[in-house]
Amino acid sequence: MVGIAVLGAGRIGKIHAANVAANPNARLIAVADPYASAAQSLAGALGADAMTDCEAAIDRNDVDAIVIGTPTNTHIQLMMRAVRQGKAVLCEKPIDLDLLKSQAAVEEIEGLNGRVMLAFNRRFENTFAAMREAIIAGEIGEVRQVIISSRDPGLAPEDYIQYSGGIFRDMTIHDLDIGRWLLGEEPVEITAMGSRLVDSPLMEKYDDYDTAMVHMKTASGKQCHINNCRQAVYGYDQRIEVFGSKGMLLQDNLRPTTMRRWTQEATDAREPLLNFFLERYQQAYKSELDAFVAALVQEKPLPVTPSDGLQALRLADACVESVSTGRAVKL
Amino acid sequence: MVGIAVLGAGRIGKIHAANVAANPNARLIAVADPYASAAQSLAGALGADAMTDCEAAIDRNDVDAIVIGTPTNTHIQLMMRAVRQGKAVLCEKPIDLDLLKSQAAVEEIEGLNGRVMLAFNRRFENTFAAMREAIIAGEIGEVRQVIISSRDPGLAPEDYIQYSGGIFRDMTIHDLDIGRWLLGEEPVEITAMGSRLVDSPLMEKYDDYDTAMVHMKTASGKQCHINNCRQAVYGYDQRIEVFGSKGMLLQDNLRPTTMRRWTQEATDAREPLLNFFLERYQQAYKSELDAFVAALVQEKPLPVTPSDGLQALRLADACVESVSTGRAVKL
Amino acid sequence: MVGIAVLGAGRIGKIHAANVAANPNARLIAVADPYASAAQSLAGALGADAMTDCEAAIDRNDVDAIVIGTPTNTHIQLMMRAVRQGKAVLCEKPIDLDLLKSQAAVEEIEGLNGRVMLAFNRRFENTFAAMREAIIAGEIGEVRQVIISSRDPGLAPEDYIQYSGGIFRDMTIHDLDIGRWLLGEEPVEITAMGSRLVDSPLMEKYDDYDTAMVHMKTASGKQCHINNCRQAVYGYDQRIEVFGSKGMLLQDNLRPTTMRRWTQEATDAREPLLNFFLERYQQAYKSELDAFVAALVQEKPLPVTPSDGLQALRLADACVESVSTGRAVKL
Amino acid sequence: MVGIAVLGAGRIGKIHAANVAANPNARLIAVADPYASAAQSLAGALGADAMTDCEAAIDRNDVDAIVIGTPTNTHIQLMMRAVRQGKAVLCEKPIDLDLLKSQAAVEEIEGLNGRVMLAFNRRFENTFAAMREAIIAGEIGEVRQVIISSRDPGLAPEDYIQYSGGIFRDMTIHDLDIGRWLLGEEPVEITAMGSRLVDSPLMEKYDDYDTAMVHMKTASGKQCHINNCRQAVYGYDQRIEVFGSKGMLLQDNLRPTTMRRWTQEATDAREPLLNFFLERYQQAYKSELDAFVAALVQEKPLPVTPSDGLQALRLADACVESVSTGRAVKL
């Protein structure tokens, strides 16, 4: 039985805490959040202790592992405190918005043989995982092209955009990770293109983009395209195509039901997509937490490493550079 | 080169005449229709002779084969005149609305070794034909259930309904033929259900139904369901499902394009269906005419026989009987 | 907080017990099953008492409501014991295989104002429920035809078939209930057809059928077709089509993932269906239990009544009669 | 009635000649090809004169318009001869593989008010055209991203690759044209990526690529991605997605039938795609020819201009440059 403290009682912390509580091999010891009422409300509902001091939660003897769902700028500090005590960590991405600080943290973790898993939850989504397995099983031969479409249902509020680190480090980073993972080889070259088509004044204000395209290429020539937009009126659009020498794998979006409507105006019309990541990746979040606990219980390597987080951040930084220079960035 | 006269210059005659003209092994000799202007307009456009006397057209020396697209009550007379002269016939279904008269005609045709093909055009539709081939090839093992949905886009006008012979002899008859053909065995039992849901007063006036369901069973127990309606707001609905011991075959409707629309209200919405049989079965009409000509040129048996027409009419009559008695009719 | 005892620790009891345990307004008090080890294993995992005496579980003071998942021939006895004590019941279908006994039980329940809900779980499946809501909202105008396809993935073992009550009372009964529910009117006429195409000797032995079709009609003429088969190699096939005056609603099967494979042999190929009802209706079972608890907590009428169960059984019996007489049965 | 000579009796010439013959407002006067037997065979079947001298065919008095389907390096010479005589031209793309020569030709054509239409046939494909109309009608608001997938079924033979001008000028050029057309604005920036994943030695030999990705951006920031591959085992893959502020339009590939197969291994499996461009764009070639003739008859502007061809070639050249420099090319 793994004793777990969840740090952060916001929307992502709530999901992790519920998944910890539902896992038969884990016990939710505490929920910590500086906002006492948030911590109390979440901890109370799940029968755990509420704390306002995240560091104290890490230090508890009955806590074996930490799930970090606090603001990005606290990730490294909390993660390192846990690692230094030999405790396992599941940390929301990114490690940090700053590459050098992230790099230093990862080096220290590796030096300490720390057990840290980065929360790239999409890798645990059933269909994504089945695609990856089919690729590894050779079903489509050699991968040639990966096409990732990833669009948010609506523009986040200004105070989110302001501290997001920009579209590439905040949004594209998930797709960069999935791209690497499905290509099965490290990208050696990346190019990006950014536009301001949803809310141009807001994007200019923060030197950010709301619409983007990215190209990556591996040493052997495998290619990946990513497209992003901060707003898609039909819902949270998450599609992947993997094209290989022996075939292709596609994946569909999820909707609340499978109903199709036929009327005088249209046939076979389906519902709008599940609204956003909490609904869309509900199963993925659960499977991710279960994989974290299973790796700890079975003393196996954690399935997503800090260096995966570092590499995704490097790619995101390279996107930013490519947009400003108009050049492909060599990695 | 087969010299062909098309009898009837209405909407179905126009299709046949154009297909004859386009067939490299056939020559359109004449178009005959009592309405001189209709005959002239169609014949003129396709470089054939216009005639008002259908019988004279049959009698011409340069005419080897006849395509009959005239009103149902003229079918037998014209068909038999051609058969007696040893000319081949492609006749629109049904032979006649009266089973006994049809039966007598078929007997005479068989006695004369007449070459008559009944125009069950759907058998020549690409997907229908591919399904039948897949069944024969054993792809889905033994057929167990055939499900046929067949709905018109809109109710025909009263003067059509009045002389149609009723929904079972006019509309269901096509599905009865397809059902027999896909079951691969003769039905031995049939039950039908009729309702008046589209235009109840009109249907009562002619003792007819606008909405129907039919069940058929073969000696070995294979089952077929047919559903019909005289009006479907989303277009001409033509679907088939064949379920067997090793799998299932489905088939889709046709639309003008493959475009799918995604909006705030709906995703993956396709266009309404192709409006009606002339558009939906355009390819089938052409392939049917080509199969007729090919069989004549290659001196092979015609692919749909008058006894197929007779059998479909028998099934339609049994539907009428079943609706009035509430019993399964044994065949 | 509703105290609940689950009677029966078989596969269906396991599902209900877990759903009770997960419902925030319910408490799983006890699991009772004559097989002590089954009761202990299930109760232990969920922190409830294990009992071998179902009647004693009903009688407990801390038990407010009963979920019955025991063999069919025990349903009435257990249900009535609970009702007489004023306890609420969620009972697996059918009430009993015998119509008269069922009828007597329902009358007694009604006389006592008993709170009994029949477990027609499909009514709680998300897409089924959305279709019903869309119909009630008038989205497709007046319902004209309902088409239900319902096929099991594989033939049940002989000892199941032997006591099942036959395909109509065991399998079709679910579809008869859904048909009534979607038609929105009582059927007044029903016809059925049975075949032995999967395992003819077995079916003959028990005078049963493995392949069936049913037609129902309401007083206003609305029609319903049901097709069943005890074996579909591609998985548990559950599809519904509702055709109305203003449009049509379709619903799709569920698969483990949304992946589609493209190869030299096929394009857009999806995975086989979720294997059987436990997987396919997982969400429906949970929503059903939640609806039961919610109705008790909010003191609202239970959403599926014993007379719904009775009516479905009447329809199933009429199917059996129709198969043997070859006549439509008037209801 | 427009008198037309078709130059070139190869596979593309055959299509154009048949479409001319079938157009009621055009007359196929002559088919010219240096290979006498090819010219004779095609002309004979369609009742036209066979010629071996393309220039003589242009010069004929009864020839009003020319369709050029000869090798690329003859396009300019033949086109200009026709233009100088005031004859209309439908010319296969590209004008020439050399941008400067093409530019000079276009300038001369414009100076002479020549009537030349470039054969970007995809613009006339029903679904492509419907997408463009829906965009113009504002159905999806402002276009933000266009995603074009375009993959050949199999690698062309070496002697085709050798003279093709490279993947960007030969294959991508169609997608570059469609991209421009759907964006509705001129691209101002383009980046490309090329790989050798199908036949690396062959591609190295000709300094060419078999797998490519392209990004384009317009002045207002609209983005376009194109992916190409010279080989897709599942058939000729042609898909387009247009994402806008109010919705998205998708389009599907075409298959020989609409049949879907369900077996133990897969469900909903469709057939491989129509093999290649002759089958896939059959309707588009016909509509293109009809649009050419209709514009001549109605004395309206030709729907695709030589400067469209020039612009597509410029984009293709910029792709080549971008691949070699690793930079975005400003246009």
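The first chain written gets the first letter, and so on, giving A, B, C and D; residue counts start at 1 in each chain.
The rule is simple: a contact is a pair of C-beta atoms (placed from the backbone, for glycine too) under 8 Å apart; a residue touches a chain by one contact, two chains touch by 3 or more.
The UniProt protein names, listed by chain, are A, B, C, D = Inositol 2-dehydrogenase.
Quick caveat: nothing in here was measured; it's all calculated off a predicted structure.
Between A-B and B-D, more C-beta contact pairs join the chains of B-D. The centroid of the Cα atoms in chain B (Inositol 2-dehydrogenase) and the matching centroid in chain D (Inositol 2-dehydrogenase) are 40 Å apart.
Between the CA-based centres of chain A (Inositol 2-dehydrogenase) and chain B (Inositol 2-dehydrogenase) the separation comes to 57 Å, rounded to the whole angstrom. In chain D (Inositol 2-dehydrogenase), the residues that reach two or more other chains under the touch definition are 233-234, 246-248, 253, 261-264, 268. If you draw each protein chain as a dot and join the dots that touch, every dot ends up joined to every other dot.
Of all residues in chain C (Inositol 2-dehydrogenase), those touching chain D (Inositol 2-dehydrogenase) in their complex are 233-235, 253, 255, 261-273.
Within the complex, the chain B (Inositol 2-dehydrogenase) residues that touch chain C (Inositol 2-dehydrogenase) are 142, 144-145, 147, 149, 151, 189, 191, 193, 195-198, 211-213, 215, 217, 220-223, 225, 227, 229, 231-234, 237, 241, 243, 245-248, 326-328, 330.
Interface residues of chain D (Inositol 2-dehydrogenase), counted against chain B (Inositol 2-dehydrogenase) in their complex, comprise 126-127, 130-131, 134, 139-140, 246-254, 256-264, 268.
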